[in-house]
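So that you can tell them apart, the chains are marked A, B, C and D in the order they are listed, and the count of residues begins at 1 in each.
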Amino acid sequence: MTKMTYRDAIREGLREALRSDPRVFLMGEDVGRYGGSFKVTYRLLEEFGPERVRDTPLSESTFLGAGIGAALGGMRPIVEIMTVNFSLLALDQIVNNAATLRHMSGGQIGVPLIVRMATGGGRQLAAQHSHSLEGWFAHIPGIKIVAPATPADAKGLLLAALGDPDPVFIFEHATLYGLEGEVEDEAVPSEIGKAAVRRTGETVTLITYGGSLGKTLQAADQLAVEGIDAEVIDLRSLRPLDISTVLASVDKTHRAVIVDEGWRMCSFAAEVSAQIMEGGFYNLDAPVARVCSAEVPMPYAKHMEDAALPQAATIAQAVRQMLGAHG
Amino acid sequence: MTGEPVLDRAHGLDLLRQMVLIRRFEEKAAELYTVGKIRGFLHLYIGEEAVAVGTMQAVGPDDNIVATYREHGQALARGIPAGSLMAEMYGKATGCSGGRGGSMHFFDVSRRFYGGHAIVGGGLPIAVGLALADKLRSRAALTACFFGDGAVGEGEFHESLNLAALWKLPVLFLCENNLYAMGTGLSRHQSQTDIRRKADAYAMPADVVDGMDVLAVEAATRRAAASVRGGDGPFLLELRTYRFRAHSMADPELYRAKQEVEEWKARDPIALYIARLPEMGFLADPDLAAIESGVAAEVDEAVRFAEAGPWELVEDLTRHVYAPVTS
Amino acid sequence: MPILTADMSAGTLTTWRKKAGDTVKRGDIIAEVETDKGLIDVEVFTGGTVEQILVQPGATVPTGTVLAIIREEPGAAPALAPTPSVPPALPSPVSATKQVAPAQAPSAAGRARVSPLARKLAADLGIDLTTLHGAGPGGVIRREDIERAAAMRAEAPVKEPRPLLDRPARLRQTIGAAMARSKREIPHYYLSATIDMHRALTWLNEENLTRSVTDRLLYGVLLIKAVALALRQVPELNSIWRGAEAVPSAGIHVGVAVSLRGGGLIAPALHDTDRQALGDLMRSFRDLVHRARSGGVKSSELSDPTITVTSLGEQGVESVFPIIYPPQVAIVGFGKIAERPWSVDGQVVSRPLIVATLAADHRVSDGHRAGLFLAAVDRLLQEPARL
Amino acid sequence: MTRDEIRAAVLRALGEIAPEADLASLAPDVEFREQLDLDSMDVLNFVVGLHASLGVAIPESDYPKLATLDGCVEYLAARVE
């Protein structure tokens, strides 16, 4: 085990992939000479050359579509869309090609493509650069969505995605790149579709993923001081969703709070809440609560952005309200 | 007519047979649509036969093909059996896409036919990607990418040409300019109506050819393909042609005069070709009759194959969304 | 009429381009049709001569309708029959769009499956959920289960037979609530009649001699059957309040008040009392009392009575003035059987007499009808063999 | 069948109809009705219980003889072979 940052863990994963599989190559804006807008692909150009670490023109739709085409052509491309905010330009290729070609071709075609995107707010980048849209992508059958919250998962889920014959979209919360954590030297691919219980507890189940895990654990610590014992579940993958781990926990605590940085309405949290109701109806002592972003375009000023985003305090408050209202 | 390809009798007659096959196949499709055997959207290729047949002479078995929703001609010219195309339009499990795609989404990976694409311009990035893969794998092949004049208005056209030219990818961009983007004439949707000149913006070689002259089309395509195979990067070939039928089955053709259609019908690619064959000593009346009866039999057999095809089991609805789990 | 657009089901023929006698060849335009997408040419696919025009311009007809008859040239390909090839109907909509909702997780051990509404209602009414067995699928406890438990005005006795400590208090509270409401809302009126039980008791003794111990009858069963049969003649007394309206019940299910060990009572209904033979009535009555008093009866098993009979004779009470159990509209009370002077054919003799009292809801019935009812009970008890 | 066995059977039958009663402290010579809250249904079930356990069919006319515990034992001892 070595301690490294989230971004270094991803770079190790990329390096391992490039070294071990000649079919692997990277494509994205400023992934080469610039070293990656979040420094993830730093110095990979020098090690693997311009053929396999390709800076692209600002043509998200086409270089993501080219990633799909190259995957059809027998390669294993890893496309970096700088942030989910720019992925909107490539939605047609994602929804109408990546997610659909296998089905539309009657099973003749698979698209073994990885797309990495930074996501989320909290860095005062204002409305156009702070979106958290994982929930949109999780709506689409045909692709898989993972959201690593720790350096170990950042590498583990990348390696897992490399072995997956279908498109895998990896959402890396922009505030996590500097997060330090232990990573196995001989990293073993994590399992896509398996949630992790990051903290055990008896009173309430807090369910979250990606960039919100830290705040959720802080909330659990605050609640522990007040004698409220919270269990924290890190979903790690949004589609496929590991609802059985969630239901097993709710079966124990009979209360659930979901923390999701997406906007509240039609959020991913809404789907998790619906599945808890469908699968655990008789185990609930209180309605499932959701802590999401305020339904506003992300404001620039720090105090305003903080007010818009889920925070440890608002998570803890949601739990207190639930216990107060429903005992 | 410089650079006329050396034409032997067999090749000459085969060009004619292929064009007649496309013509009769499309007429039968129209008939089957009116009695509800074929449903949904149907975009017929009648009038553009010379483009598909002529270009396909320069595309080899190792080359990739990406086409559009008006792809019956390309599919037949590529050698996909008429029966599996007809069965696909019937929605039968024996269709070339298993009944999942229909008229707009023919796929045959064994013949490297990577689809009909229904999103205008959506196929271009895929073609760029296929060419990228071939280049990275140093695989001697080109990718023939068909699209219409309408696609020239899409951002992906410009992004794709730029990326292909930038990375010198072996893409043969084949623009079937039939003068109309559905109901909008060329001069009403393009500032620069001389489409091949758009390649200049990406320092890409280009050419234009009379799409009604199958021999000219073959010659121009061979020249363009040679340029691409020579490693000079992509090539844009504009083929000026005209569709004798409506855009699709539901089009009252309000946007063009019947007179204009008649004028173009006077340059019917099949009739033009038949008229020139005797001067080259290739065609005798029985040859034409033999071709017509052979094609008629082939089309009737295609209909029988489609009629006899089984429906897919509803229980298989969720297949082909993800790869079958092998572990 | 050809299908010319993706979602066309009918078309209006606007103009014919050919007339009877014209010859046509494959690909000719024979007519024009107005569709949802505008005016579209109709192409003919077989050569021949137009024999007859069947649909006139201006007519709107569904797709597939024959517009004209063309006599085909010999050897021409036959026109395709206009039968759209329809895929098989979905075997069942469910299977085709089977929603993959997560299967219901098993509840934690010992945790009853109770709907949130039922859980809240039970808390409000002080009903102990652990004693209830839901009538819902898989024993799920729902709103109706709680309401039935409350309506029985008694909480099903707790399982263990040992003397119950806090039960009377809770029981008193539940019965009290129902009685208070009944007193407040229902305009009671009372009638009573004294009935000579001589013939009934004599018949009973002789009847019991012929019966085995386990089939022995009690006089209470005769009273119950008489009440049930009398209700056939005065059905309004057998009504139940449904919202704002008292509806005569289809069946006659007499609820018999049974005192429980250590206080409180329940009134299990004997189903279709008027149609059961005395032996059957006695058996189900005895079984219900035996299980109730030994703590085995679940509230959900007790079906809702349409009227109630209560008898306090054995406690020495002469006549009873009972309170109606909502949503019923009447209740019959019987006092004790006592030998007292009674005039028969002018002679004063000693006869076993019982006082029957009827309490009824004046919104639903009146004294005249109630009087007829009590008279019927009396008459029926004078012919016990026919009960 | 010994008198003790008969007494046990009687007490068992009583326990069936009056589960909450403290049978151990039952006065053998005092009427059941004064010590226990029994009605005609209880008496019937008591008689049916004895019939089931001891096979004795007790007519209604003999009910008064079963008023006390000793009375029951005497009555039943005479009838059980």
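The working rule: a contact is a pair of C-beta atoms (placed from the backbone, for glycine too) under 8 Å apart; a residue touches a chain by one contact, two chains touch by 3 or more.
On a predicted model such as this, the values are computed, not experimentally measured, just so you know.
Colleague: Give the touching-connected groups of chains that are left after chain A is excluded, with no other chain moved.
Modeller: Take away chain A: still one piece.
Colleague: Using only alpha carbons, which chain's centroid is the nearest to the whole structure's centroid?
Modeller: Ranked by how close its C-alpha centre lies to the overall one, first comes A.
Colleague: Please tell me whether B-C or C-D has the greater number of C-beta pairs in contact.
Modeller: When the contacts at B-C and C-D are counted, B-C has more.
Colleague: When the C-alpha atoms of chain B and chain D are each averaged to a single point, how far apart are the two points in Å?
Modeller: 103
Colleague: How far is the middle of chain A from the middle of chain D, if each middle is the mean of its Cα atoms, in Å?
Modeller: Roughly 78 Å, centre to centre.
Colleague: Taking each chain's centre as the mean of its CA atoms, how far is chain B from chain C in angstrom?
Modeller: So the centre of chain B lies 68 Å away from the centre of chain C.
Colleague: Mind checking the centre-to-centre distance between chain C and chain D? Centres are C-alpha means, answer in whole Å.
Modeller: 43
Colleague: Would you give the residues of chain C that are in contact with at least 2 other chains, written as numbers and ranges?
Modeller: none
Colleague: For chain B, jot down the residues that touch at least 2 other chains.
Modeller: none
Colleague: If a residue has to touch 2 or more other chains to count, which residues of chain A qualify?
Modeller: Chain A, residues with two or more chain partners: not present.
Colleague: Would you please name all pairs of chains that touch?
Modeller: The complete list of chain pairs in contact reads A-B, A-C, B-C, C-D.
Colleague: If you look only at chain C, which of its residues touch chain A in the complex?
Modeller: On the chain C side, the touching residues are 101-108, 111, 113-116, 140.
Colleague: Please give the residue numbers of chain A that touch chain C in the complex, ascending.
Modeller: 243-244, 247-248, 250-252, 275, 278-284
Colleague: Okay, in this complex, where on chain B does chain C touch?
Modeller: Contact set of chain B toward chain C: 27, 30-37, 39-41, 90-91, 246, 249-252, 254, 307, 311, 314-315, 317.
Colleague: Would you mind writing out the residues of chain B in touch with chain A in their complex?
Modeller: 64, 66, 95-101, 105, 107-109, 114-115, 117-119, 122, 124-134, 136-137, 143, 155-156, 159-160, 162-163, 166-167, 319-323
Colleague: For chain C, which residues count as touching chain B in their complex?
Modeller: Contact set of chain C toward chain B: 2-6, 8, 26-27, 35, 37-40, 43, 45, 63-64, 80-85, 87-88, 90-91, 95-96.
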